[in-house]
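Just so it is clear, A, B, C and D label the chains in written order, and each chain counts residues from 1 on its own.
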Amino acid sequence: MGAYLLRRLPSALVVLAVASFAIFAMVRLVPGDPVATLAGPDASPEARAEIAAELGLDQPLVTQYVTWLGQLAHLDLGTSYRIGGQVSDLVADGAVNTIVLTIAALLLAVAVALVSSVLAVVLDKRWVNAALSFGNTLAIALPTFVTGLVLILLFAVVFPVLPAGGTPPDGFIARPDIAAQYLLLPAVCLALGAGAALTRFLTEALRTEMRQPYVTTARALGISRRRIVLTQALRNALPSTITVLGIQFGTLLGGAVLVEAIFTWPGLGGLIEEAISGRDYPLVQVLLLLSVAVFVAVQLLTDVVHAWLDPRVRIGGAA
Amino acid sequence: SSAVGEAHRGGSESGPSDGGLLRIGSTSDIVPATIFTNSSDATNTLIGAVYDSLIDYPLDSLEPQPRLATSWEQADDGLSLTLQLRDDVKFHSGRDFTSKDVEFSIKTWADPTWTVQLQRTAAAITGFDTTDPHAITLTFDHPLSNVFDLLDMLPIIDSESIDELKQGKAYVGTGPFVFESWTPSSKLEFTRNDDYWGDEPHLDGIEVDIVSDPQAQVSQLRSGQLDLITGASNRDLETLGKDSKFSVTGFDGAAQQIYVGADLTNPNLDDLELRKAIAYAVDRERIVDEVFRGVGTPINLPWPDYSPAYDAAGNETYPYDPDQAKGIVTKLGDLPTLPLAYPAGNANYEQVAQIVQANLEAVGIKTELQPTEYSQFIKQLIGGTMGGLWILQHAYAHYTPSTLAVSAYPFNADKNASHFESAEYKRHAEAAWGAPSGDSPEAIENYQALNKDLLDNLFLIELALLHFQVASTPDVQDFTMSKRGELDFRATYLAD
Amino acid sequence: MSESLIDVAAPEHAAPQPDEQFDQRRRPSIWSALRRGKGLAGVLLVGAVVALGLLAPLLAPHSPTEQIPGANLVGPSGAHWLGTDEVNRDLLSRTLFGIRTDLVVVFLAVPIGAAIGILVGLVSSWWTFTDVVAQRVFDLVLAFPTLILAIALTAFVGPGLRTVFFVILAVELPVFGRLTRTSVRTVREMPYVEAAHVVGAGSWWQLRRHVLPNSMEPLLVQLAVSMSVAVFIEGAMSFLGLGVRPPAPSLGSLIRDGVRNMYDAPYFAVGPLALVVALVLGLLLVSQALAEARRA
Amino acid sequence: MSTPVLEVRDLAISFSHPRPAVRSVSVTVDQGEVVALVGESGSGKSMTARAVIGLLPDGAVATGSVRLRGEEVLGLPEAELVKVRGRRVAMVFQEPQTALNPVRTIGWQIGEALRAHGGSRGRAARERAVELLRQVEIPDPEERLGFYPHQLSGGQKQRVVLALALANEPELLLADEPTTALDVTVQAEILALLRRIRDRTGTSILIITHNMGVVAHLADRVVVLRQGEVVEEAETRELFAAPRHAYTRQLLAAVPRLPGPGELVQALPAEPAPDAVPALEYDDVRVHYGSRMRGRVLPAVDGVTLRLERGEVLGLVGESGSGKTTLGRLAAGLVPLAGGRVRVGGEDLAAARGRRRVDLRRRLAFVHQDPEASLDPRFSIGEAIREPLDVHGVGSRQSREQRVLELLDAVRLPASFAGRRPRELSGGQRQRVALARALTLEPQLLIADEPTSALDVSVQAEVLELFADLQRRLGFACVFISHDLAVVNKVADQVAVLRAGKVVESGSAARVFGEPAHDYTRRLLDAVPVPDPTVRDATGPALHPHVAAS
């Protein structure tokens, strides 16, 4: 497995190199002008020229690209146009929040999916299925900005039991109980859609597994349905679910933008949106590159987990 | 323990009028590179809290009041101004405030990279006599009718920390609150300046939370996490105003104007008659009532009623008169569909645009709405490539009228988004700016000429004058706003 | 093949059972799964939404862009079943016409994106090299936030439904490609695929006839999920001026507008949301019914 | 007499199609008794057994009565059944190839069976698992505990399934064709094991088998089924001695037999010209499973050299796990070679590319050892049989459909089955479908891995007849893998005996079976159970007239 990852490393690096170019080009192809955005409509042309020079935007594109790559090679992520601070600091700050939020949502989604699909398959009752179906449908059909508002309205305004937004004032570690309360609503909001989709996938996969002959064998041995689902069917159903999880991870990151806005959770989602609308090139570039890296990593990870779960799967393409 | 319980401001034991942390919800974060452009609510709060200006305008007039400057004297030729400065003022760093700091602040503003509004005015100040640390004499290139606007807007900044200021690391002023920290896209923190030269502020501190989503601001206000919010939508403000648990405060001083711009390079819009038809066709009352929930005034000219350029009759030039508009359009014959752009992602603009579209449609002018991403919109505006109609807001009509003509891009006589060029307009604008005083009869004459230019040429069709409102819990007492749009918490206290 | 096999085999075994000819029943087809129970309910739900959209000109009491004087954000009433919006338009009419916009997105963009994604997923995962290349390209596309894709695409194609179409295509393609790939990796190890391989079936045949049909369940679920996501992407893009332009209604933008008025007009978003829920529920039911039919 | 362990009364099972799977079956099994259920393929044997343990496929409707020690179990709720299964009644399913969980090691699966009934855990469980594997004759049981099912040979899987069923020492064992994939020596051991278990713990056994030799060796009583009905029931000896029903007589007559020591078959086919290109050639082939990285390399085939002339049938026999399937798969190009060369019709399949490869493939057909898994569950039987024609675009649509019907008929399946799906068939029926599918394209080389293992002797006889006819007419070469030496004897010209990946003996069938040169071959021949209960009673198990005579 380590060997597999090692073999994949070069291709991953190639991807990042290609991505850096694609990102650089894409960011500049997008119409709009960082200087104009920064300076506003009332600024004089001289002012704009001066700002452009200060940001290095008067250089030819090739020079800009090479400079950026050179900086990257020295692990210098550059300075944000708008915020002025080091991109690395900004990203680091936002990353903590985003990671905490997405991981929490991911865990929540996985927990919800595991519990509800296992319940549905083990109990196999009409009403359980109907209730789950309905819940799933709502969770999939309602966009995050609706669920987010409803959650806030319910749990922060009408019954003020949880904060309506914001990050824990003392950070995540100092007082975990408080942090958890701040985290709960946004994480739930983010997890709902992904959790529901996962539940659907997993339930379907489990149902299919429950028709496999090995389940009949297990039943003939007197192993209870619950045990069969938990120890055998689940294991067989997981590989495909893991991939779905990998894909859902992308959805989570995408959804984070909205959730971060609704719950005032200053993370990378908000940062990237702000950076895009402000045409903050250095920040956008780094964030996108990071995003590509994360996706490549998640993909490799799901491959590895997939192969680990299913001994028959040949890792990485056909022989 | 409960996060909600802790977030609710506990009753302060030291009596109703002292202490406490005021939590403000702001829509957009500060941008250090353009910290002096009044470009965001958080920026305004920061400037208002940390810095002092030399003079202050009251909200409803243009009569300068002393602040760091105790008195001033203007030369008769209008080419110089001497200010007496307070001698008991210290920067947060502990350094004494002197006339050198005034010079430094003005020179900073004159630097185009800061893209401040009155950069041209600041640049027109060429002489600084700082021999007396507590008095300064400024000499001008030419008379500046709006020099007091500059002195009102200009924050006195600390020269020693200018590099940190550029990076958003430090904001050192002489104001009532001391800047503590900035967490980008999250929050700003301030504490009371215990050595403040004026009355010591009551609040222990201020925390500005960046809450980009207007609805999240309302939710957090409702849930008690915030005490005051600046970004609620007009409708939410209306609802909150009716709720006894909240109070909504409006300020007349820092008004903005919403307008329909016309790009005269468009062959159809080049025709003044069509622009007139548009001016007659738009239902300004409806826009004010339905979109801005009555918090505004329909206008033809940008000025608020206390402005020396205010002209009540002028505001009646183009009343809502669809029939007249229709008549004009019929005369014009076939018209192609005109583009109508507005910055996307803003509900107010979207609604105004749709009403304008329906109004125009009703008189026979077809338009196509073009919601444009803000960055692109600005680029088109600056580049003068709008190509048709657009909807946007502008400001600075509440200052000395000449400020508008020299510093607001849509009105800029040299170059504007409408490609409106008129020697006469240019002359009037320059003359208004170059008048030695903002309210001299000579200046007022110029303003009337300007008003005529605006109404006769209609390259900008004003829709409404909008007032600024904030919502807060009733506990927040005695706060006000400066003409600059900065919330002023010098006297604020938190009641229980 | 002139000679028949059978005359060699000399059939002299027991005569067929008398009731055997009644055993001619075809195996339950996919379509029959949609003609009863869950499947039918799903088809009806989706059908109802589509029908409402198609019949909007007949059903809607007002023009979707008509601004009715004085009816500013009023609640549901006999005159306006779903109330009116901020610029005095009848929400029912807007909702009905809004469906039409989303029909293109939901029933064209998503399925096409899915089809292409599945195709790419199928073909690429068969060989290690193409697999690696395709996966990395997917990574790249997935890593770009929808917003950036949308803004960039708008720069080339201009705003409008077409752009929404392409953005959704771009967003869905890698999702389906990747999902397909997972199934392929599991299914291709099955002996029946090997059996087809042995009789000389080419890769494409194996993929099309065996791998794909045996990988359908997750794809169907994803289709339902993607369709609901598409509505919101469309809404977000419209709001940013990248998609359908006001005053043309779309479900996504109606929901966005509705949510903005959550405190003042909670009924605003109900209509369009109910439609999306019906659509998703319908699709999930269909996918469930199909999965059950396949398992049976 | 005490209540019987199992009492089935008037059991009827029907599916959605008009013909019921089981019409009326009554069977009684007493304490310690071994009852054999024999009968035509598709006659409802498996369904009867599954009804007993309450595991009928979905859509099956069962009526009648099934009592375990007097308690009714038919229609019992799942919660009650769970208590019955495994401990009181255990079942070995007909198709062991798919019966195991593919992503769990066999050690874990045995452990799970033990845990299900509060049995031993941890070390004790492991020891018990090893013991069970040893009982069923799996070599290196400690190491195999960590194997996944796909790493085992067909026979090994079957034995693991048996081990699972035996794990909790049930009162009643339902064994559905438990030895089909086993070579005769192992089969003999398994039969001995079953008898030992019966003797020691008094376990009753209901065994379903088509192997009359197994019946003769193991069963006390025989119940003969045909088309869902019991046609005859008798003491084993009685049945063999004086079958009453016509079908029983037909069944017994169809049992293939090995020639006695004297009766050497002389009729050898004409030797093909020696310079002719052989149909299949193994040249010192080697196959290794497992990865070198994990340090576990298992030579499955170790230096085999074999040659199959055109039009000849090569019988591959040998121990379970000796590499027969692997050799077969090699010929089809499905296993990577570790050494040597395989040539099909003189050409290296592995080296061929593109069209050439498709052409080669077209001339080659393969019957999997595991017919269930080799049929796409979503394809109807008709589609599955037609697929090779579709792949190569042979004939028109009608002619293909026609061809499917012919083939179905040739393997004695009603035409109506064309619309069914694989899971709606009995084991033997599926196997015939797999065979029919292989014959669709009139191959030049057929690799048949246990093509008749699940067929009752009467159907088997017919199918073999068909096979022989076709082979004569089309002149294809065939690798015929089977455990049934009598069958091999009947169809094969050449025989190769495999053991542990090596050919221990090869030559003409007549020679190898008539005058076995190698010890192992001799042992193999000796272990063939004779379909005659008197022999068992007279000589005890594993004694063959062959040995007795020599």
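Going forward, contacts are C-beta pairs under 8 Å (C-beta built on N, C-alpha and C of every residue); 3 or more make two chains touch, one makes a residue touch a chain.
As the structure is a prediction and not an experimental result, all values here were calculated from the model.
Participant: Can you tell me which chain is nearest the middle of the complex, judged by mean CA position?
Facilitator: A
Participant: When the contacting C-beta pairs are counted for A-D and for C-D, which pair yields the higher total?
Facilitator: C-D
Participant: Report, in whole Å, the distance between the mean C-alpha point of subunit A and the mean C-alpha point of subunit D.
Facilitator: Once rounded, the distance between the two centres reads 51 Å.
Participant: Counting only Cα atoms for the centres, state how far subunit C is from subunit D in Å.
Facilitator: About 45 Å separates the centre of subunit C from that of subunit D.
Participant: How big is the gap, in whole Å, between where the Cα atoms of subunit B centre and where those of subunit C centre?
Facilitator: Measuring from centre to centre gives 48 Å for this pair.
Participant: State, to the nearest whole Å, the distance from the C-alpha centre of subunit B to the C-alpha centre of subunit D.
Facilitator: 88
Participant: Which residues belonging to subunit B are in contact with no fewer than two other chains?
Facilitator: 215, 373
Participant: Multi-chain contacts only, two chains or more: what residues does subunit C have there?
Facilitator: In subunit C, residues 151, 259, 262 touch at least two other chains, as defined above.
Participant: Name the residues of subunit A that each touch 2 or more other chains.
Facilitator: 31-32, 149, 153, 310, 312
Participant: Which chains are in touch, pair by pair?
Facilitator: All touching pairs, sorted by chain label, are A-B, A-C, A-D, B-C, C-D.
Participant: Subunit B touches which residues of subunit C in the complex?
Facilitator: So the residues of subunit C touching subunit B come out as 65, 67, 72-73, 86-88, 151, 159, 239-242, 245-247, 257, 259-264.
Participant: With touch defined as at the start, can you tell me which subunit C residues reach subunit D in the complex?
Facilitator: Going by the criterion above, the answer is residues 1, 4-6, 8-11, 13, 16-17, 19-27, 190-202, 205, 209-210, 213-214, 294, 296.
Participant: In the complex formed with subunit C, which residues of subunit B make contact?
Facilitator: 214-215, 218, 233, 235-236, 238-239, 290-291, 344-345, 347, 350-351, 353-355, 357-358, 368-373
Participant: Subunit A touches which residues of subunit D in the complex?
Facilitator: Result: residues 53, 55, 78, 82-87, 90-91, 93, 95, 98-104, 112-113, 116-117, 148, 150, 161, 164-165, 167-168, 293, 336, 372 of subunit D touch subunit A.
Participant: Can you check the complex and tell me which residues of subunit C touch subunit A?
Facilitator: Answer in residue numbers: 125-129, 131-132, 135-136, 138-140, 142-148, 151-152, 155, 175, 178-179, 181-183, 185-186, 188-189, 217-218, 221-222, 224-225, 228-229, 232, 235, 255-256, 259, 262, 269, 273, 276-277, 279-281, 284-285, 287-288, 291-292, 295.
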